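Labels for the chains are A, B, C and D, by order of writing; each one numbers its residues from 1.
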Amino acid sequence: MSALKELKERVWRCNKDLPHLGLVIRAFGNVSGIDRSEGLIAIKPSGVIYEDLTVDNIVVVDLDDNVVEGKLRPSSDTKTHTHLYREFPEIGGVVHTHSTYAVAWAQAMRPIPIMGTTHADLLATDVPCTELMSDEMIKGDYEKETGKQIVGAFTSRSYIDTPMVLVAGHGPFTWGETPEKALYHSQMLEELAKMAALTLQINSSTPRLKKTLVDKHFKRKHGPGSYYGQD
Amino acid sequence: MSALKELKERVWRCNKDLPHLGLVIRAFGNVSGIDRSEGLIAIKPSGVIYEDLTVDNIVVVDLDDNVVEGKLRPSSDTKTHTHLYREFPEIGGVVHTHSTYAVAWAQAMRPIPIMGTTHADLLATDVPCTELMSDEMIKGDYEKETGKQIVGAFTSRSYIDTPMVLVAGHGPFTWGETPEKALYHSQMLEELAKMAALTLQINSSTPRLKKTLVDKHFKRKHGPGSYYGQD
Amino acid sequence: MSALKELKERVWRCNKDLPHLGLVIRAFGNVSGIDRSEGLIAIKPSGVIYEDLTVDNIVVVDLDDNVVEGKLRPSSDTKTHTHLYREFPEIGGVVHTHSTYAVAWAQAMRPIPIMGTTHADLLATDVPCTELMSDEMIKGDYEKETGKQIVGAFTSRSYIDTPMVLVAGHGPFTWGETPEKALYHSQMLEELAKMAALTLQINSSTPRLKKTLVDKHFKRKHGPGSYYGQD
Amino acid sequence: MSALKELKERVWRCNKDLPHLGLVIRAFGNVSGIDRSEGLIAIKPSGVIYEDLTVDNIVVVDLDDNVVEGKLRPSSDTKTHTHLYREFPEIGGVVHTHSTYAVAWAQAMRPIPIMGTTHADLLATDVPCTELMSDEMIKGDYEKETGKQIVGAFTSRSYIDTPMVLVAGHGPFTWGETPEKALYHSQMLEELAKMAALTLQINSSTPRLKKTLVDKHFKRKHGPGSYYGQD
């Protein structure tokens, strides 16, 4: 099987998983993956519900947003995905959902504060929330500008260590080395968003987790010296 | 298959979907569809639970509420449905549910504020909430008056662009070009209602989404120039 | 099949439905039914999880709490059930659960205010909450005293029109003409409890539904002149 | 089948149950069990998702944390489990999860107040929450220190009567005579955590349940004179 065919299959499977993981209803979400050697991106077609999705209708585009393969129109969010692939050179997959709790934080325009080790097992910072886009950006090349807005939130943090963002007023985007890891980040983000909302409901003055504990958990799982999981 | 038979089948299938979509428990909800050329409406029978529902016991009524076909009594909400069909000439389906979050907003007698793009993908306004009915209306032809109360909420907005309403103290009604689209609107309304409640829990002073962003998302999906989905 | 055998089967089936309806976890709930002509009550055995429950281990007791049939010990709540059967002569079934939202209201020691028509379709009053039991009652014949505490909440309201109660600090009991109707009331109570909690979260000053609307909905479904459902 | 083989099977089955009970997502949780006669502990391997788990990859360690059997690395939380087995001599199983509501209370760093009989059926006290660990503990032998922090919360209460704890900023640990009972405690803890959060949302000044009622329910199920369940 060609590398592109395999990528399409993996992207198809991740898209099919979105509703099973409770992250989307109807067609509100999309997964893409990139073949870096060819510069080709496999992505969900626009507006197709997950049960109707086949490997064959996964669309392939290049890094300049040209459709290279597939009869259907790619996701309306394609230009956001391609912008992230251009600007974040080490990522291999991107996921966008409208999962309920992550959207609620994005609508509230609040970063998700890091208050526990479940969060720190995944990332060592708050889940950032972008600024609301300016009217010029919205009226311009909107989906590309969304990508630029996301990248703008990473000028002073690492997109590798913080593989997720809330787009203000919109919802979450996550990424990772592979489409599967990006999907994992979307699933965990939704759980962190729910835990954080409940935590603040129980104790509205819950502090952020202290740095030593954040670092301990993050480093158990990430980087040299990590000792979680199998080698 | 006759057009009426086909309509009955579609209405039956949409009613069967109500519990699978988590929108109703027991018999609390009903879907109808209209054949505009004949002026005939297919609707769920009253009080029948969804698992017992067959195509044959879908009831057919005319626009004056007369039963034309079927041995069972039609939904107790039939006169609300027929009033909407008379007053909203471009709709083909109506759905009424008691879905949990939409009912909570209706009971709270609050419109659902538009705070994000999930909402704006569907409609460009708040989800309106009717006034509470007067004692005269309640004691009169109650279900028809419910329809009139709904129509009264649309004097200054388009029922096509805003295909849903909360009836104060009661619950949601949605509609659309077809029964399937009306059902889609009920499913999305419940999700929007949940997202909005959570958003205000996280940040009680969340502002409405700005108009440029509302328009951008609404127009991506609706009207000339829309570019979401396949043609 | 004898009347008692049939009653045991129905009670068994209702108990098996408790976890499917999301009303209980583990063994936290029980359904009973009565054969009024014989004065015999079929009830779940104590501490048996629902998946292990067979028709044969449903226990039969008389109205004086004597075990008449069955090898297992009856539910530890049996004396509450029998007290309700003695004091509420028109009921045929009783259900006790620890369903999440109903328990939350019981723990909060608050009646569930009637704020919408979903509630009024079922009962025309708040869901009452008992007083907290006195130390004497608790240290005495506790389960029978629980029954007496429930009956005490119905001195000025009808147990037929209001087929449910919250026992303060404990949880819900519901009843009805049959075990199946009592179970239906438990399912609806949990939904009403959830809707009410969400309603007050959205608008903490939500008023009670006005009497004309309460009466309209209650009478659509109950008593002479009702026109909901099939005859 | 040898005792150790049987223990591995039981521990495997309990780990497999974690996602079915809704207590974990991905690999966020672990169950262990001990064979006291041999001083051997069977525990989940680190980072393996539940669907991939086989009896053969359950790891066996001794009370000094040495791997005795198994090719995979044991759970990164192993030293917390072994510390509990050393300090709590009457327990036979330990469960750690990141279940949503229990984590929310742990992040809020609040004990779960005992407000109802569902809670009192299980334990007669609040669910304790540890102090936040000091930087020295975090930077030291972290997982063992977590165990010490837990034991420190039981200087003035019985680990047998209160078979659960919230580790501040982290999440719940539960234990019991057997792995199955420890798992039961994790399931009930999550339910108690949810009920308590909802109770305080409905009535933020809900008092603790009075002692007579706590004792009544706890003693119905525990110790001499208990009369719940079958003998």
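Keep in mind that, in the parts below, a residue touches a chain if its C-beta (ideal position, glycine included) is under 8 Å from a C-beta of that chain, and two chains touch if they have at least 3 such contacts.
Bear in mind that the values here come from a model prediction, so they are computed numbers and not experimental data.
S.K.: Which neighbours does chain B have in common with chain D?
M.R.: A, C
S.K.: Rounded to the nearest 5 degrees, what is the angle of the rotation that puts chain C onto chain D, matching CA atoms?
M.R.: Between chain C and chain D the superposing rotation measures out at 90 degrees.
S.K.: At the chain A/chain D interface, shared numbers over all numbers used: above half (same) or below half (different)?
M.R.: different
S.K.: Please compute the C-alpha centroid of chain B, do the same for chain C, then give the distance between them in whole Å.
M.R.: 33
S.K.: Using the average of all C-alpha atoms in each chain as its centre, how far is it in Å between chain A and chain C?
M.R.: Roughly 46 Å separates the two chain centres.
S.K.: Using the touch definition from the top, which residues of chain B touch two or more other chains?
M.R.: 200-201
S.K.: Once bound in the complex, which stretches of chain A touch chain D?
M.R.: 115-118, 121, 184, 187-188, 191, 194-196, 198-203, 206, 209-210, 212-213, 216, 220, 227-231
S.K.: Spell out the residues on chain C that touch chain D in their complex, using ranges where they run on.
M.R.: Touching chain D: residues 25-28, 45-48, 72-73, 76, 98, 100-101, 103-110, 132-133, 135, 138-139, 142, 169-171, 197, 200-201 of chain C.
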